[in-house]
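Here come two complexes built around chain A, the first alongside chain B, the second alongside chain C.
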Partner chain A sequence: MAAVQETIDQVRQIDVDQYKYGFETVIEVDKAPKGLSEEIIRFISAKKDEPEWMLEWRLDAYRRWLTMEEPTWARVDYPKIDFNDLYYYAAPKNTPGPKSLDEVDPELLKVYEKLGIPLKEQEILAGVDKPRVAVDAVFDSVSVVTTFKKELAKAGVIFMSISEAVREHPDLVKKYLGSVVPTSDNYYATLNSAVFTDGSFVFVPKGVRCPMELSTYFRINEKNTGQFERTLIIAEEGAYVSYLEGCTAPQRDENQLHAAVVELVALDDAEIKYSTVQNWYPGDAQGKGGIYNFVTKRGDCRGHRSKISWTQVETGSAITWKYPSCILRGDDSRGEFYSIAVSNGHQQIDSGTKMIHLGKNTSSRIISKGIAAGVSQNTYRGQVSAHRKATNARNFTQCDSLLIGDRCGAHTVPYIEAKNSSAQFEHEATTSKISEDQLFYCLQRGIPEEAAIALIVNGFVKEVIQELPMEFAVEAQKLIGISLEGSVG
Partner chain B sequence: MLEIRNLHARIAEDGTEIIRGLNLTVKAGEVAAIMGPNGSGKSTLSYILSGREDYEVTEGEILYNGENILELDPAERAAKGIFLAFQYPVEIPGVATMQFLKVAMNEQRKARGDAELSTPDFIRKVKEAAAELKINPDMLKRPLNVGFSGGEKKRAEILQMALLEPKLCVLDETDSGLDIDALKIVADGVNALKSPDRAVIVITHYQRLLDYIVPDTVHVLYKGQIIRTGDKQLALELEANGYADIIGQAA
Partner chain C sequence: MNMQAQNRQTAAETALLDSYNAQIGELPGNGAVISARDRLVDDLKTNGLPTRRVEAWHYTDLKTLLRSIPASGPASSVRNPAPLVDAAALIKTRQGEADGNVSVDGIVVGSYADMLREGTAAPGLSVIDKDDTIGKINGSFVRDGYVLEFPAGAEIGQPIEIQALHGAGQAHTRFPVSFGAGSKATVIERHIQTTDGQAFVSSVSDISLEDGAEVTWIVVQEQGADDTHLAQVRVRVGNNAKLRLFVINAGGKLVRQELRIDVAGEGADLQLRGVNLLGGDTHTDVTLVLGHNVPNTTSTEIFRNVVFDRARGVFQGMIKVALDAQKTDARMACNTLLMSDDAEFAAKPELEIFADDVQCGHGATVADIDDNHLYYLMARGIPHNKARAMLVNAFVAEIVEELEDEALVEALEAIISNWLEKHA
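This part shows the complex of A and B:
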């Protein structure tokens, strides 16, 4: 009997695969062919109606990229990526999605349920193809978005996709794009510069305090921003903006390689707060199929007394390679990095920050909390440096790692470099395990194991959670608990 | 309420036998003291009752309200009303005492099929119980047991006991590290919880605590067995003569 069932299952599996293949062939016309070449870049640029200078910028990046080598210094291990076996452009509307929630991975739905996400949003997140009639539901939220856009316009804030910005505000884009992360910065950033498909553009003019938290969430219905996202945020003199990226809910995504670039520019007295919750597919129980997340994020405190603060909660992706950094160029500028990185199963995280002190009296603060479970590897890699002229530079770094189980690893790799004798850098690092004593104590009080781990871990990351905007904080706590389910026993 | 029959148990890791044929009966409403010299297995007994994995029961059974609880995990036992006041309460960094209490109370309610407490109800209960134990409300905001003095830790244990309303309370060396004032507060807290449907097992090395929590029965534990059972007189005898006499008689 068992054999018969097995055969049925096997046949069914083949069927599904063949169907999927056939389906993709049908829509091939809406995709650029696989691989990367000048042709493909021209194709992308043309599809997006870009001006000539943008195309030249992309081509320049591409030519540089051809001369570069993939970096190997990070503590991550993955099979070599064949960059000519990837699609670099697919018309997002035509990417086939599940027809209803019934077709969505039940595991994913379980997570949505635990996070308390309403059904309609679940469908959007899971990428369900909606028939015309039901699209009204989506239109509802589009009208919400429109209301927000009106309010932002009143304040003079520009918030739109980067593709729109290239067309509508070419001068601003030209002035700032690539000014923080140059096209030649690193392998993945250069690749991104050549092929980026979309992302967000934010411009907050002089003296304006952005009246609301800006979130990519509001843009969720617009377009699948895809694998090569490009974000540019500019806060002029005295401006303030808080930007939320990502979503606690795991999003369906067909692209395995993600190489985003985020650039922040803060002029005199400006402040930018950038919060991320990243929960992409981490791969199956064997670690296969998860997202590779190779991101370049950098903020430039270009003006005096400017401030840039990165807060991140990283729970997803098979491989994370990410170092949101601050260049403290202006005198009295300040950079902050608050991070929670959770790895479970076979996940590999190599993440941290760079604080480059160039101006006088600049200060920075780094609080990193790494939690490793399963057979995962979790590395903090951080650089703090003070330039010759960075008189009175100050840094405080605290890196804490928490291990769950005895098959995972936590590593701390700090690079500290002071070329100015008045610089003061402090570094504290701890590694601990959830002790049997703590676990037993919670159990004895009637708290089941998974709830106990979530409680202890949330205690461990509390300092960073406090830095998140309220609406993110509660969800992030739940998310951390969910990410660690099944990590013990 | 509790019946332990011919219990044998060892340390799971190295197989050292600690409990060797222990028999003990504790009735509802009873306060039972378990005394014994160091290394006799007192703390081990409290861990085995509450289900700690580090110990392996090789023989015998533990009946709690007639049910053999050996197969239940610690959280299940807790939800059924078994509470252990730890000799060394554990620190939980970053978790406010208040938050811990709320999670514990609601998890137990969930396990029993009761609705979660509303926040106002919860706060009222905690405030009342804390006032009884002369606990400063500021302490409730601090992470559980982190930086608590010895007295604060023990009071926090009794506070949890009062709020979780267990049926079987096991106090493991609750008197250790307490000055006389703190000892009185803790003992008052325990006495206030005495009721006809609740049993208390007081594990202690010294008579001192039993001046304040007066036991109905006293059991002497030695080399993993109860070698003598009596009333509160027995504790006074031990105080006067030490364990040597009784051990001698048993040997």
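This part shows the complex of A and C:
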């Protein structure tokens, strides 16, 4: 109940377009010139001290990208992006590999403090009741600091920025990078492959259960900087890891492009749990500004009995184009997708998942809750397919949409493809508005309308919230309340 | 690189355009109709047949699936199938042309060929949207059909059966039908092959229900094993009108059945039921685009599909609720039984909702027959094959029985059990 009360308070406090995390930090920035060319890619690669093969990989992707066309099938509408009018590299200037937190720019630490990121090791360690969380903080494009490295190393877990991994574990990176999302996969993934600046790398060796939740907080800070994160997580045989990704960004006038790629690989009996809370700047009340979020996330259940679970809470961004997927290659593997997508104002969300059943006895579960308010458009787009040889494939899909106000739209576009008779697929979808009865019940008990809606919505999405790690669940509930602010009346 | 592929004509595309040039001299139509036809053919020539890249045809890549077009030729058979129910009044087309003079008590029956010759058919030849390939093909080639008018207030007790009969060759028919305010009627639309050989068939039924009309419309498709059947049922449902639409697909090699329904009057209700029996090496696509465009309308849609052998089935069902169509209640279900390891089914039930005070839902399932049900019957001494047949029969018969009219239910059940006997 405490969390609910907090939600209500927060909803009261904040006006429609007063984005909670809308502040800008003035830090000196080391930037590449605007535009995209082979020179820029060479510049990025050189800045990051990359080996020759990595540069070639990038250039190969860039050449492919030049031949590709921007996809138009999603139900999103935005002015054409001028890819030559963006900066593809920006690094905080005063951080040439900090040795400790003391060396980190205090302005930067203040930003994290405002965001409530438990960056300082001692703070986390001091929290007796708090679960331990390791943070790989990404400030614009460069990993500033990585905490808990030593403790993780003791368990054999590698958790570092991907640029470090390219230098320190080239064999692992070479083996897995692009093996789930190939460079030619889609327009934005290919762009990412060419220009990705940083991201996280996680390797959990055979039989290891990662001793803590791993977490990255993303920040988009510098004006007009495309953020191209690249995350690669590998769980070897029997390993387990839970990874949290949380995002906030300062308020901006111009649209910002974000095209991340996340690749997960689970070998035999491994399990990866990937949770996201995304609340980037959604634009103002007139639909001006906001982040363009074109993300490719895919998990490969490569081994038998492996499991990958995606949980996402999408409340931010002007445009979201995101389909975290599972390739169920190993026999008896399992994929899960739990999603809450909240759109308000002029936001446009086109999100969903793909469950590709290839192995025998594979199963998947999709729970998607879409909430549309204001004049937003909220689309669930998902695919479930069973290959000819994927005997006994099972899927259960439930996608529910809630409409708040009569100017928004909710859409459901599932693709269900069964190519063998032992497949068993169930799909159900509903769309409705908030029940008058429930609302009346709350109002009658003196709960104001906006708070009542937040309460009802939190009930609507409970099934997904439950899948989030504890510390995220609380934040997510707050976010949903904030996102729906101004949706009544 | 895709551009090249788009412009390359397939053998069937070339045959289609050649066939048009061969027939143009004998197709009925005045100047307006001829220029409408030419526009449609030009469109087909420029854009080609749709591929899987066209979202509306994602699962039915007509460019690849349509391999050949048989030459257009005169009717070679005079077989006359009995009407589905004894009492029905028969209206027939043979090889795409009206067969005999027809009159039915209480309704006005006209010739569609006359409409083409007079030019009144020209506006109706326009396509619904750019992906309306069936509209394009039918509009280019249509020769004849019937225009039915049910006067306002008419209560026609006798079922009307439209039989579209054809042998090998081509048949392109169109049936504009209007049901006047408060009229009541039952119409059966049957597509039947009368001789062996490959047929290329297109058909458009253009139906409107004026205020308060109550109509049962039944489509029975029993094409031959080599036939291509491209059919469209366009419906506009007026204020407080009630339409019960029932569709059975039990034949054809390549079938695309489009149901384009505009629920356009307040208080209107649509009850749509479909049974798709798929076997052999066939491809059947049922595509529904249902628009709830005004407030206070209701609809339910239930489809039951059974897929045997190497057949491929497709169901695309889109429910669109317009911005001010508040209080819409629309529910759709699509259930499929896959009866063989080589059978395939793809379902794409879509919701596109712009109004908030609505109740909309869809469900889709794909599965094999439940082992428990099979076991239950076999434990009672029923052999495996028979038990399976019983369960399949029950699965589809359930929705046929909703029709209530006993003679009609019996006739449709007979079609289903005949088909199952041949294929199961």
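Note that in this section the second predicted complex is superposed on the first by the 382 of 489 C-alpha atoms of A that agree within 3 Å, B and C clash if a C-alpha of one lies under 4 Å from a C-alpha of the other, contacts with A are read in each partner's own complex, and residues count from 1 in each chain.
The definition used in the following text is that a residue touches a chain if its C-beta (ideal position, glycine included) is under 8 Å from a C-beta of that chain, and two chains touch if they have at least 3 such contacts.
Predicted model only: the values in this text are computed from it and were never measured.
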Which superposed partner A:His427 touches (first chain B, second chain C, both, neither): second
Touching partner for A:Phe337 - first (chain B), second (chain C), both, neither: neither
Partner chain(s) touched by A:Tyr281 [first = chain B, second = chain C, both, neither]: neither
Superposed model, chain A: greater residue contact from chain B or chain C: C
Partner chain(s) touched by A:Ala418 [first = chain B, second = chain C, both, neither]: second
Partner chain in contact with A:Trp321 - chain B first, chain C second, else both or neither: neither
Partner chain in contact with A:Phe196 - chain B first, chain C second, else both or neither: neither
Touched partner set for A:Leu443, first chain B, second chain C, both or neither: first
Overlap of chain C and chain B interfaces on chain A (superposed complexes): none
Chain C residues touching chain A - in the complex, by the definition given at the top: 55, 58, 323-324, 326, 336, 338-341, 343-368
Residues of chain B that touch chain A when the two form their complex: 50-54, 73-75, 78-79, 83-84, 86, 89-95, 99-100, 103-104, 107-108, 111, 143, 160, 164
Residues of chain A touching chain C in the complex: 73, 388, 401, 403-433
Residues on chain A engaged by chain B in the complex (per definition of touch): 435-438, 440-449, 451, 455-456, 458-463
